[in-house]
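Read through the structures below before going on.
Shared between the two complexes below is chain A, which pairs with chain B and chain C, respectively.
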Partner chain A sequence: MRLSRNTILTLIALLVIAGLLALAQAFMNPYLLRILNLCAVYSIFAVTFNLIFGYTGQFSLGHAGFAAVGAYVAALLTLSPSQKISNFFLKPIVPLLANVELPFLPALIIGGIVASLVGSLIAWPALRLRGDYLAIATLGFSEIIRILLVNMQPITNGALGLKGIPAYTNLLWSWGALAVCLFVTKRLVDSSYGRAMRAVRDDEVAAEALGVNLFKHKMMAFAVSAFFVGVAGGLMANLISTIDPKVFIFTLTYQIVGITVMGGMGSLTGSVIAASLYTIFLELLRPIESQFTIGSLTVPGIPGMRMVIFSILLLVVILFYRKGLMGTREFSWDWVVNLIRRLKSGKKTGSSGEVKS
Partner chain B sequence: MLDIKNLHVSYGGIRALQGISLHVPEGKIISLLGANGAGKSTTLRTIMGIVKPTEGSIEFLGGNILGMKSFQVVMKGIALVPEGRRVFTNLTVTENLALGAYTRNDKVQIQQDIEEIYELFPRLREREKQSAGTLSGGEQQMLALGRALMSKPKLLMIDEPSLGLAPVLSQGVLSRLKELNQTRGQTILLIEQNARAALSIADYAYILETGRITLEGPAAELATNDAVRKTYLGIH
Partner chain C sequence: MNFEAFLQNLSNGISLGSLYALIAIGYTMVYGILRLINFAHGDLVMLGSYVAFYGVAMFMLPWWLAFPLAILVTAGVGIVIERSAYKPLRDFPRINLFTAAVAVSFLLENLGIVIFGGRPKAFERPAFMDQMLNLGGVSIVSYTPIIIITALVLFGLLLLVIYRTKAGMAMRALSKDIEATGLMGVNTDKIIMFAFMLGSALAAAGGILWAIKFPQINPLMGVMPGLKAFIAAVLGGIGNVGGAMIGGFLLGIVEIMIVAFFPELSGYRDAFAYAILILLLLFRPTGIMGEVQAEKV
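== the complex of A and B ==
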């Protein structure tokens, strides 16, 4: 098999990134590791939301619910039996789950599959709706999932949440999952299925008139998307090692929507960049919430101040990049090679014009 | 080829079609004429399975197609060029054409057919990598037509191709249809408001008024009919 230049470059880049992540895992402090892991988790959230909304045009607000399902399944499957006993002190856990303990990979995959099933189950009735109505219905379903988590005490431990989940997630897991997610999503949107999905986004009636099965393609987007959201939820549970239903309130969905819009609808590269920027910026903005002085003015610490700053940043991005940071463009090796060629030939003009095109 | 008998369609309380019957024979251009709200688009939507009729039958090539889903109707060999063109504006011209062949899975043949469409409409080849939203109205109509042809339809149905086009452009589209009919023997069901233009290329025509077919006949005959001349051709 002969590999093209781009494939070779991709493989080299993957190896380099994997090496760098392994180094980071060995030498970085836990705080920085946590941020890097969250970058990957939020990237998966944004990429999957992009698949449903950016590519298929279905405004679904169910992400928090899907993530919750994946997180709880993965957490329950990886918790050790003794931890389960100490967690479920109000009401004992159902006997079926009490002695289950699986390795991380099957737990993640099962979490993804269950999330995907729940996603499809929700999508089935909800996909009869369009636009805002679909958004409201999926948002409602997502809240139903959260309420169920609070009330199904023998399975989920209710509002107390689950603690002591083994912290299996490391950089290779999270970024590895992101790589798989990107690969699958990219292959899907570039296939004839993906073309049909984009046709559904552009004009449902015309797509239907061409013989595109609307329901099948929307469903496919939902199922694939919910699977990876579930996996990301599992990664999150085994990263922060304690989850409760409050983690998965609808503001999580709004954050994901914000990230995806910022990155660009229909750009996977944009989703990853925006998710990483979002996670890092929120941490960098932390000092704003404590007391600080500008000249003679002392600003008292206001909790939540960084969200205000972040909203302003989001507004600025949308004002100046109407289609998000990347629009619908993707990172490609051809672009990099062209850039290097241009820089070599010493043409300094035109580079700023290129970005905006 | 296509046989519609006694078709009734209601939207809520409004009776859009009140028992229409029409027949499209193979290799002919049949035109369905009528003013706004006469029920022309409803007829097409019912054939495509988007709207369910309350009564009547639709047969295609001797088999019933009523109650089928749109994609099944397309697979039977009917293609629709929807009103207002409705190309996929964010997809490239080539992608639009490829979507036309969605129900087929013979990759090599599809590639050849895309080439053939480009030979038919050279303007489209010039713009193959552009997104369809950047095309002019006339080019979009060509693309919508090419896209429909990609499914290799036995029956091509076109909803108001001249809508929103300059007269000279719409004349161009219609003469293309005539050409397709003559060179390939393409059967066409043409829906138009512009009766003069439609009658000039059609073999047979039906006139639809508020859900009923009030007049039918060979196109040449209708074009000289006094009532038609008065109401649709503006000749007094």
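== the complex of A and C ==
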């Protein structure tokens, strides 16, 4: 089998990135690691929202709910039986779950599958609706999931949440999951299914007239997207090691929508860049909210200032870069190669004093 | 449950419902005209109650001055939001407008935390709103009828504006077709601004009444009423002002009654609102009063 230049370049890049991540995992401090992990988790959130809205045109606001399902399933499957006993001190856990303890990979996958099932179950009736009504219905379902989590105390420990979830998530897990998610999403949107999805997005009536099964393709986008959201939720649970229903309130979905729009609707590259920038940026701003001193002057921290800056930034991006950072453009090797060529030729012409556009 | 308790719950439900209805009108007017789910609307509720709070607590204004002032200030902020964040995006994909609304919502909430502080504040009701009344054997606190009557008066005024003034007629025309209305010589920008002003003013009034009913205010207090009012707007048929009122009352009464009749389900109180919403959307997607629109190809 002959590999094309682009495939080879991709494989090399993957190896280099994996090596860098392994180095980072070994030498970085836990705080930086946590930020890098969160970058990957939010990237998955944004990429999946892009699949469902950017490519298929279905305005779903259910992400927080799907993430909650994945996070709780993964957390309950990875918590050790003794930790479960100390967690569930108000009401004992249901016997079925009390002694289960699975390794990380099956727990993540089961979390993803359950999230995907829940997503499909929600989509099945909700997909009769379109546009804003679909958004409202999915937002409602997402909040119902959260309220169920608060009230199903023997399974979820209610509002107290789950503590002491083993911190299995490391860079290879999170970025590995992101790589798989990107690979699957890219393959999907480039396949005939993906073309059908884009047809649905651009004009449902025309797509239907051409024989595209609307329901099937929308459902597929929902199921795939919810699966990866669930996995990302599991990664998040095993990263922050304490979850409670409040983490998955609908503002999480809003943040994901904001990130995806900032990155560009219909650009997976943009989603990853925007998600990483968002995570890193919020961390960089953290000092504003805690007290600091300049010389003899003590400046009190301003809680809430980070999100003020973030929301102003989001507004600026939406108002002035209306297609997001990347628009619908994607990273590709052809683009890199062309850029290098152009730079080379640019240098040549530059040395002779000519500037060509 | 005896009859007296039932009446008490009913009055409680109606007063809660009138608050939902007040806030829902803003959602519905904006949606009717711009097809925008203005998620920042709930935060104007918070703003209104804070301005009223500071007017009374800090500037020592009497309530009859502080409350209308708070409504004016909030209406002004509503106009600023529309002008700066929504107007430039009117001709762009709707997701941009939606995201702008989300950004404004985050901005208001967190500015609230920065400026007002994250800790809840105790809103002081004017003394006459705090008396026990005895209406035919049912004892209620005086703020309950005051909330209901204020809301009804505001509804009446709003309906007058919408159905008896030129600006109201223009607003109704805008909700049918913005472009055609502009061609008929209506200054669409001005009317949209007017709609935002009315909606924001009602949100502020709702916020003040909300703070009178639940006298603890915090920067995130607008989120839940906002979401509930939004549900009420959809229940009534989003885009329809009369529907928003009906939806608001319905939601308030149902919420209180379910908890009153089935106290063991009180943890699921919020879930009922969403469940009703979803069921309604599935069986009558345009809401109670909404018009069925023919699909344009």
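The rule is simple: the second predicted complex is superposed on the first by the 335 of 357 C-alpha atoms of A that agree within 3 Å, B and C clash if a C-alpha of one lies under 4 Å from a C-alpha of the other, contacts with A are read in each partner's own complex, and residues count from 1 in each chain.
What we mean here is this: a contact is a pair of C-beta atoms (placed from the backbone, for glycine too) under 8 Å apart; a residue touches a chain by one contact, two chains touch by 3 or more.
Small disclaimer: the values here were computed from a predicted structure and weren't measured.
Q: If you stack the two complexes on chain A, which partner ends up touching A:Phe222: first (chain B), second (chain C), both, or neither?
A: In the superposed model, A:Phe222 contacts neither chain B nor chain C.
Q: Which partner does A:Tyr42 reach: the first (chain B), the second (chain C), both, or neither?
A: A:Tyr42: touches no partner chain.
Q: In the superposed model, which partner reaches more residues of chain A, chain B or chain C?
A: So, of the two partners, C touches more residues of chain A.
Q: Touching A:Tyr168 in the superposition: chain B (first), chain C (second), both, neither?
A: It touches nothing on chain B or chain C.
Q: Just to be sure I read the superposition right, which of the two partners does A:Arg128 touch: chain B = first, chain C = second, or both, or neither?
A: In the superposed model, A:Arg128 contacts chain C only, not chain B.
Q: Looking at the overlay, does A:Gly140 come into contact with chain B only (first), chain C only (second), both, or neither?
A: A:Gly140 contacts chain C only, not chain B.
Q: Now for A:Met307: first (chain B), second (chain C), both, or neither, which partner does it touch?
A: The answer is second: A:Met307 touches chain C but not chain B.
Q: According to the stated criteria, A:Phe53 is in contact with first (chain B), second (chain C), both, or neither; which is it?
A: So A:Phe53 only meets chain C here.
Q: Contact-wise, after the overlay, does A:Phe88 reach chain B, chain C, both or neither (first, second, both, neither)?
A: The answer is neither, since A:Phe88 touches no partner chain.
Q: Please work out whether A:Tyr278 is in contact with chain B alone, chain C alone, both, or neither, and reply first, second, both or neither.
A: Once the two structures are laid over each other on A, A:Tyr278 reaches no partner at all.
Q: Using the superposition on A, tell me which residues of chain A are in contact with chain B and, in the other complex, with chain C.
A: 205
Q: Spell out the part of chain B that touches chain A in their complex, as residue ranges.
A: So the residues of chain B touching chain A come out as 48, 50, 69-71, 73-75, 79-80, 82, 86-91, 95, 98-100, 102-103, 147-148, 151.
Q: Mind pulling up the chain C residues that touch chain A in the complex?
A: Contact set of chain C toward chain A: 31, 35, 37, 39, 85, 88-89, 92-93, 95-96, 98-100, 102-107, 109-114, 118, 219, 223, 227, 230-231, 234, 238, 267-268, 270-271, 274-275, 277-278, 281-282, 285, 295, 297.
Q: In the complex formed with chain B, which residues of chain A make contact?
A: Within the complex, chain A contacts chain B at residues 192, 195-196, 198-199, 201-203, 205-213, 266, 328.
Q: State the interface residues of chain A toward chain C in the complex, per the touch definition above.
A: Residue positions touching the partner: 53, 59, 125-126, 128-129, 132-133, 135-137, 140-141, 143-144, 147-148, 150-151, 205, 250-251, 254, 257-258, 261, 265, 302-308, 310-312, 314-315, 318-319, 322.
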